[in-house]
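Here is the structure we will look at.
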Amino acid sequence: MLIVDKEGILIRYNVKMEKSMTPEDAAAELYPKDELNRAIAEAIFEGEEDDVIDGLKAAIAAGKDPISLIDDSLMVGMKVVTELYDQGVIFLPNVMMSADAMLEGIEFCKAEAGSSPKPKGKVVVHVAEGDVHDIGKSIVAALLRANGYEVVDLGRDVPVDEVIACVKKESPMMLTGTALMTTTMFAFKEVNDRLLEAGIRMPFQCGGGAVNQDFVSTYELGVYGEEAADAPKMADAILAGKSLAELKATFHKH
Amino acid sequence: MLIVDKEGILIRYNVKMEKSMTPEDAAAELYPKDELNRAIAEAIFEGEEDDVIDGLKAAIAAGKDPISLIDDSLMVGMKVVTELYDQGVIFLPNVMMSADAMLEGIEFCKAEAGSSPKPKGKVVVHVAEGDVHDIGKSIVAALLRANGYEVVDLGRDVPVDEVIACVKKESPMMLTGTALMTTTMFAFKEVNDRLLEAGIRMPFQCGGGAVNQDFVSTYELGVYGEEAADAPKMADAILAGKSLAELKATFHKH
Amino acid sequence: MAVKKFTTMAYNNADEMVFGRAKSPVKAGLDLEIGAGYTTAEVNYAPRPEAGETKEKLVNEYQRITRDIMARMVQVGFPSVVLETEHVQQMTNNPTWGAEVAHAQKTIMEEYHEEYGIKCALRHTPGDIREDKDFLQLRGDKYNVVMESFEAVADAGADLLSIESMGGKEIFDYAVLRNDIPGMLYAIGVLGSMDMEYLWQGIAKVAQQKNVTPAGDTDCAQANTAMFIAGGLLDKNLAHTLAIIARSLAGARTLSGYEAGATGPGKDCGYENIIIKGITGMPMAFEGKTSTCAHSDVMGNLIMQCCDLWSNESVEYHAEFGGTTVQCWSESLSYDCALMNTALKSGNEKILRDLLMASDRFRDPQSYILAYDNAFKVGQAIVKDGNDIYLRAKNAATECCNLLTGAEGLEMTKFETNALNKAAAELAALTSDSEKFMSDCMEKYKAEVKVFKPENYAL
Amino acid sequence: MAVKKFTTMAYNNADEMVFGRAKSPVKAGLDLEIGAGYTTAEVNYAPRPEAGETKEKLVNEYQRITRDIMARMVQVGFPSVVLETEHVQQMTNNPTWGAEVAHAQKTIMEEYHEEYGIKCALRHTPGDIREDKDFLQLRGDKYNVVMESFEAVADAGADLLSIESMGGKEIFDYAVLRNDIPGMLYAIGVLGSMDMEYLWQGIAKVAQQKNVTPAGDTDCAQANTAMFIAGGLLDKNLAHTLAIIARSLAGARTLSGYEAGATGPGKDCGYENIIIKGITGMPMAFEGKTSTCAHSDVMGNLIMQCCDLWSNESVEYHAEFGGTTVQCWSESLSYDCALMNTALKSGNEKILRDLLMASDRFRDPQSYILAYDNAFKVGQAIVKDGNDIYLRAKNAATECCNLLTGAEGLEMTKFETNALNKAAAELAALTSDSEKFMSDCMEKYKAEVKVFKPENYAL
């Protein structure tokens, strides 16, 4: 058998570029100063649901308001996570586990307070009719939630009628569509036309395997989303007041 | 050096499929019966201009009408050539050389008669603005001529204005466009729009390297032409009364 | 059909394995023999977006695709070709649609075969439509539609039957995004294998009745999802060490189809097929450096090492300067095959195989394990406990970890190494009692994954 | 610059020639060395149709293309890459457009080089815009614009300068469609060479002033037109034996650029580069089985045999499942290179070269002659009379005919053999007096080709 050393044949750029800082060190710099909040944020970062609840209990016992804990500890911890993910210091499963922990924490706070905080905004997500590929959509939903958005997840194989009905009912700030097949992504055009017909000019971010920028550019409301992390980025941009044209300019990278 | 016999690696399908008949045998079956006409048709097939003129002289001397000789001998000879080319028995250079001989014969007949025959129809050909690739266009023009069409050849790098002006002036039965570059074929859309604006609904056959059926399908008058031989075929179809939709159905092969 | 578990390797050693030759070649279609001393391109394609609108448009689209490919093959002088049609949903849900497509394609292929003598075969891969909007529905009505679809395409001319089955996917999707190794093992190794055994007995029966080939499955739904999420060297969505553990598990899972009657050629996107080939001796399809139209991977050359069919995975049908996409890619694939066939014919197949393998061996933990020597070891770990689907999957994952831990010449990032060490520890801590593992998992995932329905696996 | 004719071969024998190694490697761009023991992918691309509308759109398009390619290279771990931008007409006619594109691309490449250390270089190929609507205008105003374009792109960051020059094309277009061998010889061998010598002295001077590489030319305008018209095995537009005679002539012609100062890497679409490499020892780019996006040919593997850069010729920028087209093709190319580099590193380059060559050797008369051993013989025929552009071209064509006539193992159709015999007879009947040939042709083509203007060649 022939074994040839890799020198000159390939470069493991990931090894070459590896950050010397551990994720824990990087996170440590970002935690809140307050001891109680910090413990909760750390538990979020570790994705340890039980520790999150314990931390919240301790903070509430120390007199903190459950609803403000959401913003001051849970969200802060989650922001550490999403920031380090964006920087490439931690990986997606960490985000997923932290998001699970955060959501559980929020439920706990809401139960304690007997009331709900106002979310940053609402997003409807779906997978096109006839398409079973849904893991990309699930990542999109998770990252939106991780960034503080409320997500209405219509699931996979969703007929156009159902999408339109839901948008009318929920009035989200943004709609996302995922399709992985050439034949199913065609439904996005119809969603676009039906929205316009109904007088709804809302950003409709579309992504997934077979979907591409050129295709998405063929319908007015469409903005192409290349990777799941673009979904919360676009939601943030909408909150920042960006127009449809500006969104396209930012997210159309090819 | 390693030499490996081709068995199992590749098949020379051209060798395997080769017709046993020689081009000469195949042509012999198609020549006209009349001795004088036959001699001219043979000279056309051989692409021998001098023999064509000699044959025409002999036929005229024997009392034949120069203008009917065009149809009865020159065109008949040329039909043998284009038919055998379509069947794959002879190759393009033969067609080119025969067409040269035929055109010379026609000039001779016209001079002898002092009048011109009515051509089957007129076609305007051009290469899009900014594009220098013109050999495909030249083949298209030659094959159209070989099939009895009058060709107005605008050459290469032709601005849209010039195309439109020429169409208005010449009222051809069909227009062709050649482009080999993604950036130049874009002009075809403009030609289409300008024609429609002027109320001219004329088949506009487009071909050449970068041009493809999907692109041509995006403008109303466009019919995709894959190989040069499709140009006379389409002209024939137009003469046979085919509509734009029927032309698309026939020539859109992909 | 009877299920026969593999407990030994088909080859005495890894070095016996090469491209173009399998211990048990498969005759199929029009004069084709797969794994009988030569490789053949397998061309895949997806209809243009607007083609799905009506049945007529769809049939027409596949006719154009088929004609384009066959024409290009004879223009450049290639002796053989396989076409694969992966059904879009409509074609499986309406078995007559799939059948019409198969018939239209096969008619054209027969014309070319008759006129030029080109050897060819048609693979059809119905979609695994066994699910409702929210849940998998692996048994019952939907299963029957899938079987009808297989019958219909076989009647209509499909020579090779395949599917990308989905058993275990509901647990896997949850587990892979949470670095949950036992969950991945349960999803792929246990649930996936159980479903395949059930499903493939059905497919093998249809194939036998219709006298066509039950070709094989792939763990696309799980191992490929992991591979795609893992992505390139600089992506940060999943440790590549975990993606290759999923792939090793897939070796144990995909084997189940061949135990239930499939005979190969295994389906192109099964990167685990190198393990399967070692165990079964059946011919396998692969995809890699000439399927960049469909995806990027980090073992494009290596994965060609022992292919019998060589595929482009899929490309949308549209025009390029060099012809339609299916023409471009079928030509590139066929040149690759011509190179391999020249090597086979001149006795140089092992050196070419080794060059392919060596060029990617250290590119990634995934390529390292799929190098034929290491893949063979994973295969050995599987057959050692071939009769126990849990243990053999656990063995595969463990062997994968061991090989990576002891790897020489492979540099890994700290992140990859950490994920690996954690996985290895978790695997080591697992019970060796299948029943206990099954019941533990049942309890855990019933609670955590709300779409998990044990009745899908007759559990 | 001084012109130095080649009268000897750079290699002692054909077997010395391999891919990735040239006698005179070329350093270029950011740490790249071409022909110095490794091969590198050269990626080519064409902007989307609508991108040509404004300068801003065009610059933007090339930025996206460049970023996509560089990103993919690091994702899969490839150590080096070359990008080639073939100007669309606007970019050459407005030298600042071309310069802005070059600058935008190079800036991105520098970022990647800095961050990842990837070796890379940028080739720019202005269009040969030396013509009016109806006539070639090889000298004068248009020549000056071309030179300005070269200066501007060199200033802006282009590392390698190339062009596909058009000298002789007006005669060639006429001759090739009429099986006119002496006309082809005159067009390619005489007029083409004369124009190249004139043009390349100018380019070499610019390159020297700007400290960049005058890389080389290709006989695209003639030999490739012939190859395209000849097409596949079943096409009936031109005998493939004539296409390879045109190619052999192109060997004699394209050499003129290197005699006038070019140093390589020769441009990808010059299939005659294998002859040129033998004569000059300079590194060469080639395209074949991984340029099916741009065209089909009948020697896709063989032409890889001695490449230093390996190119996809060109692909329209658009999306595929696997990323954008430039990402897909750059990845496939780079895997090919990884295979060759592994062979080089392990001392197996000759066996891989031979397998590539052997797989296509008998596919077509064109591949037969371009097999490195035969191409080397054509090279020897050229240098034998290296000082006389007419004789050396005639020698090349004659040697090509001789090799085909005596070919063992190559089956030709009667049609190809007839065309060959006729060509051989016509070549044999030609004068060996250059002056006489020149004046005969002048007279003949002045009369027959109305667009022929001798002043283009200072005749």
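Note that the chains are named A, B, C and D in the order they appear, and that numbering of residues resets to 1 at the start of each chain.
Here, a contact is a pair of C-beta atoms (placed from the backbone, for glycine too) under 8 Å apart; a residue touches a chain by one contact, two chains touch by 3 or more.
Nothing here was measured: the structure is a model prediction, and the numbers come from that model.
Chains touching both chain A and chain C: D.
Per-chain CA centroids place chain A at a distance of 59 Å from chain B.
Computed centre separation for the pair chain A/chain D is 49 angstrom, with centres defined by C-alpha atoms.
In this assembly, the C-alpha centroid of chain B lies 31 Å from the C-alpha centroid of chain D.
The distance from the centre of chain C to the centre of chain D, each centre being the mean of the chain's C-alpha atoms, comes to 40 Å.
Looking at chain D, residues 46, 48, 74-75, 77, 233-234, 316, 320-321, 338, 341-342, 346, 348, 351, 355, 358-360, 363-364 sit in touch with two or more other chains. Within chain A, the positions touching two or more other chains are listed as 2, 4-5, 9-10, 12-13, 17, 210, 215. With chains as nodes and touching pairs as edges, the resulting graph is of another kind, matching none of line, ring, star or complete. Contact between chains, per the stated criterion, is found for A-C, A-D, B-C, B-D, C-D. On the side of chain D, the complex with chain B involves touching residues 14-15, 46-53, 88-90, 127, 129, 131, 133-134, 166, 173, 176-179, 225, 229, 233-234, 236-239, 316, 351, 354-355, 357-364, 373, 409, 411-415. Of all the residues in chain D, the ones that touch chain A in their complex are 37-38, 48, 64, 67-68, 74-75, 77-79, 115-118, 317-321, 324, 338, 341-342, 345-346, 348.
Residues 1-6, 9-10, 12-15, 17-18, 22, 85, 88, 90-93, 96-97, 100, 130-132, 134-135, 138-139, 142, 155-158, 181-186, 210, 215 of chain A are the ones touching chain C in the complex. By the touch criterion stated above, chain C contacts chain D in their complex at residues 46, 72, 74-77, 231-235, 288-298, 300-301, 314-316, 320-323, 325, 327-329, 331-332, 335-336, 338-339, 341-343, 346, 348, 351-352, 355-356, 358-360, 363-364.
Per the touch definition, chain A reaches chain D in the complex via residues 2, 4-5, 8-13, 16-17, 209-210, 212-215, 253-254.
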